[in-house]
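Structure provided below as structure tokens; questions to follow.
Chain IDs A, B and C follow the sequence of writing; residue 1 opens each chain.
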Amino acid sequence: MKKLIVCGLIMLSLVSVTKLIAADKALQIEGSTTVGPIADAFTEAFNKTYPDIKITVTKNGSGNGAAALIDKRCDIAMMSRFMKLEEFTAAVDKGVMPVAHTIALDGVCMIVHPSNPVTDLSTQQIHDIYIGKIKNWKELGGPDMPIVVVSRDTSSGTYETFDHFIMKKVKMDAGVEYVSSNPQVHARVKTTPGAIGYVGIGFLDAEVKGLKVNGIMPSKETITNGTYSLSRPLFLFTNGFPELGSLSYNFCTFYLSEKGQEIINAKGFVPVTHY
Amino acid sequence: MKIIIRCILDKIFTAITWLTVFVIVILLLLILGPILSRGTNAVVFRDTIEFRKMQMALLNRGNETNLTAEISEIAPVRQKVYDTINKFKSGIDTDALTEQVRKIYRDCGQELSYKKLTPQQYTETRSLLKDIRDRLQTAFASTDKVQIAKCTSFVMGYADDERFKGTSAGDFFRIAADFQKAVEKIDFAKHLQYVQAVGEMEDLLTQLLGPRPGEALPATAMNQFGATRWDLAEKLMDNLLWKEQWVSQKSGKSLVKIRTERAKEFAGTEIEPLFGYIKDNLEKMLKPQWRFYWQYFIDDSTPGHYFGGIGPEILGTLLLTLLSMVFVIPLGIISAAYLTECTTDNFVVKIIRMCINSLAGVPSIIFGLFGLAFFVLFLLPFLGFSSKPCILTASLTLSILTLPVMIRSSEEAIKAVPLTYKEASLALGASNFKTFMSVTLPAAMPGILTGVILSISRVAGETAPILFTGAVALGPVPSSIFHSTRTLSYGSYDMAVGDRLAAMVPHNQYGMVATLVILVLCLNTSAIILRSRLFKKLHGH
Amino acid sequence: MNDSQINQVLSPTADVKHQPLVLSYGQGLGNFLSLYVGRTILFLITCTSVLSVLLIFFFIIRESLPFLQKFNLTEFLTNTGWYPQAEKPQFGALALIVGSFYVTAAALLFAVPTGILAAVFLSDIVSFKIQTFVKPVIELLAAIPSVAYGFFAIMVLAPWMQRKLGFTTGVNALNASFVLAVMALPTIVSVAQDSISAVGRELREASYGLGATRMETVFKVVIPAAHSGIIAAIILGMMRAIGETMVVWMASGNASQIPHPWWDLSQSIRTMTATIAGDMGETAKGSDHYRSLFTIGLLLLIMTLCLNLLSEYFLTQAAKKSGIRK
């Protein structure tokens, strides 16, 4: 009897496995955790129009997105930075022609706990905090409280933008905590009174306090007109320009539609077009 | 005297050991307590009408006639809130007005292009439209009453113009007239303050009650409904009544959180009594009901697990477990049979045993690395498949991870079969193989089953090995074993740290991890019971 | 069911009755061949575990070898700067190695005394009845998935630590090592209990007969006699703690620093396992960073294997001792 049950179980699993082997039409999207939420919401809206199409969004960082596009493991790579020269050459060598679609603008904001009285930091001060020269909020006019410095992990696109604008290739202090996603930075800062971190503008809300950088508050306006310095475009990369009318084409041009822009707005990013 | 001290010390020691074990039991309760109690909240809770709307809209579940009746029942109660706000807002919310004017301009321009006009007429009318729009925008942006009056009267001058008959331009003049009236009435100093406060209030109301009836539905599901749960509604209600602000008490010190009544911001206006009205009528507006949401275990979820259940995660976990059991059960039993029945303790067997022990000691993350390097990056391309983490690679990795568990427990089970059984069978002339298949294996089956259950619980709970070999946080339900899948374990991780939407729905965070814990604990408890029964059976009498 | 099957085999049924008592030559050869061919197949299948271990080693070494050729191993082991993505990348894993040992040591500090006391409790103090209640509880502690422990650490313990203990950050070495201690406990308890129970009754009786109290018997007779098994238990607990990924990744804070001052458990640290888990997700395959993570994995693998061999040595010692006594 028991043997029968075990045999039955094994048979059942084999049957289910063989039934599952048939693959179908799908869209693979991989890359930046910053662009991820946009792609998720696009997918959600997309699935309403094309219910039988499977879209997989894997959020594993810009670098992996690029690598996956180069190896033809994905159809669309989400990237929060432009492709590096070596990635581009590697792609061309493998017969992949990366084409960029700028889908939204994003600002990297400095965030602190809402109880923190500090409102404005200069790029130099942020730099000094992250290299460990400034260790206490007291030095910045705040309360006597050690600074808990939170950073994205070093392979993320957000880190690269931050590194480009603030760190200028100078190494961060060893005491910096690394977390592996934007929401995690948000969560760390939200719960830690002495913390400072940086996130995409989409993650700025009432639970954390955004800081002015060089006297300018990050907002949709300041990002669009370029006065806020820590801003960057977000990209989708495809292999060649997608064939008109194809699934990738529809996905990559979705941001142009009113609905797409609404989603980008709702996710807290800045649309590139004004309708 | 000395004996007394020794006795007391002895007693103290006994007490300490009791205490230690007590602490361990308490720890278990402390860890499981919050997870399980808050996890239950995901399945049993008080829902609101928004929840029933959501179920109907997304899953077509529920009784449509009842729901429509309920919606029409609550509509007047809600409408009163909207009407009051609308009345207050008309004329002061300049941002919305600007947006509206831009839209009218766009629409109107389109209408013009359909009309039969000469190119010159078209250009003229179009530039006039633009002029009207710009003047209205100047009026909205201005704080000077005289300037506003100048702008609006300019616009009103065209109200009876033939060219705009039958187009949406009529709205321009209506807005201009309304605005002019509102401006005369309102205390302009407080104007911007009101706009902001009403905006905040409306945002909260949308979160609480969902978008207004007749309003265009937002693009994402999470914004299409109000508070779907009563506990959430109460939290939002609190936010609506009380405004939290961080204020500085002394320079150079941390800011302090203070709560002020939101109604005070609207002192003396028609909005002020509205807060009391909403508070008193919240139940009427949301119609809470107790619900046992068992579909939590089969439903798919919207991004971030904001709505819905953990169906795909459970399915993914089951698939991974089943598939890895397909690999590991035969391997484990055969290895155990060979080690117990076919050989003596020679050098080769010693090496095999050493390897099994080493395998058991390898950290789980190393299996993840190995699975990535071998199965994903080497074996799949080698066999001609695309090199993508998928269910197959994840379950292969997990089966290697759990192989030692399987071998060891099967071995113990086979060893525990009394020698007399086997001897009796052999004495009757049955071959070794036959004896093993029809005597030893059936007798050892409960023990082997214990091993299987333990392996399943290990596989279901592991996260590190599948991080790079096939688990994703978000994705479609897999349709083949070459797709990656969501699992309970990785989902629990992602819900805890990786997803901001998840932080807004703590019941779902806890629900996922509680399901995983309950699943694993049930498996383990059954294994423990099975083992004790087996123990009794083989050694009891 | 099983019994009836066995009875079936034991009872002289038809096919047994007609079995010839002497085998023909062909039958003998067939049996011989099937026996040996069968055995070889079984042997090959059994070798899967050996193959797995070899493959694990081979592939981890294969992926980390280019890194070891390109960068200096001594620098890898002694430098504290972990900047894999910098313009001039620096791969100094010392802080990570220290971090791993740091949480492990702190976890053992909690877990070893508790574990040994609980083991003594189970074997020497309470009746069999309570034992059957307490043992499953400890086993359940072992069964809870590590991600659930991590969840508990970050969602429940970390906010509590910040609120009640006033730490600047709730995810820190103390949090991680406390949870690791709870996870290592079951291993330590069960292995230690086995070896303590294996200490013969006569030793205990001799000690009691000389007038020793129970505490004295435990500390002066039982534990010294069972020391190899207890050491093995500690090593196994250590392996569990050092190889654990999810908990340390979620609860340790992931700052690659060596705590200063060294006893300050309230600081964030980063372990080897957490680095692999955290960095691998976003690293481009085939890059130096990717290979450096495999090198950390190799280091971890070698360390756990050494610990494993050590624990086996102590376990055989323990088995020998109890064998002699018996």
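By our rule, contacts are C-beta pairs under 8 Å (C-beta built on N, C-alpha and C of every residue); 3 or more make two chains touch, one makes a residue touch a chain.
Being a predicted model, the structure only gives us computed values, none of them experimental.
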Fill in: A-B against A-C, pair bridged by the larger set of C-beta contacts
A-B
Worksheet item: Can you name the chain that lies farthest from chain C, using the mean of each chain's Cα atoms as its centre?
Response: A
Discussion item. From the mean C-alpha coordinate of chain B to that of chain C, what's the distance rounded to whole Å?
Written reply: 32
Worksheet, complete the sentence: Expressed in whole Å, how far the mean CA point of chain A lies from that of chain B is 19
Worksheet entry | Approximate Å spacing (C-alpha centroids) for the pair chain A, chain C | 36
Discussion item. If a residue has to touch 2 or more other chains to count, which residues of chain C qualify?
Written reply: 1, 281, 285
Item to complete: Name the residues of chain A that each touch 2 or more other chains.
Response: 2, 71, 145, 179-180, 193
Discussion item. For chain B, give me the residues that contact two or more of the other chains.
Written reply: 442, 445, 497
Worksheet entry | chain B - residues contacting chain A, complex | 218-221, 223, 246, 248, 251-257, 302-304, 319, 322-323, 325-326, 329, 386-388, 442, 445-446, 449, 472-476, 478-484, 497-500, 503
Discussion item. Residue numbers of chain A touching chain B in their complex, please.
Written reply: 2-3, 6, 9-10, 13-14, 16-17, 20-24, 26, 28, 37, 40-41, 43-45, 54-59, 71, 73, 114-117, 138, 141-143, 145, 179-184, 186-187, 193, 203, 209, 259, 262-263, 266
Fill in: Residue ranges of chain C touching chain A (in the complex, touch as defined)
1, 80-87, 90, 95, 158-159, 162, 168-171, 253-258, 267-268, 270, 278-279, 281-287, 289
Worksheet item: Can you list the chain C residues touching chain B in their complex?
Response: 1-2, 5-6, 9-10, 12, 16, 19, 31, 34-35, 38-39, 42-43, 45-50, 52-53, 55-56, 59-60, 62-63, 114, 117-118, 120-122, 125, 132, 134, 136-141, 143-152, 154-156, 182, 185, 213-216, 218, 239, 242-246, 250, 273, 276-277, 280-281, 285, 293-294, 297, 300-301, 304-305, 307-308, 311-312
Worksheet item: Which of the residues in chain A end up touching chain C in this complex?
Response: 1-2, 33, 60-64, 66-67, 71, 145-146, 148, 153-156, 159-160, 169, 171-172, 174-180, 188, 191-195
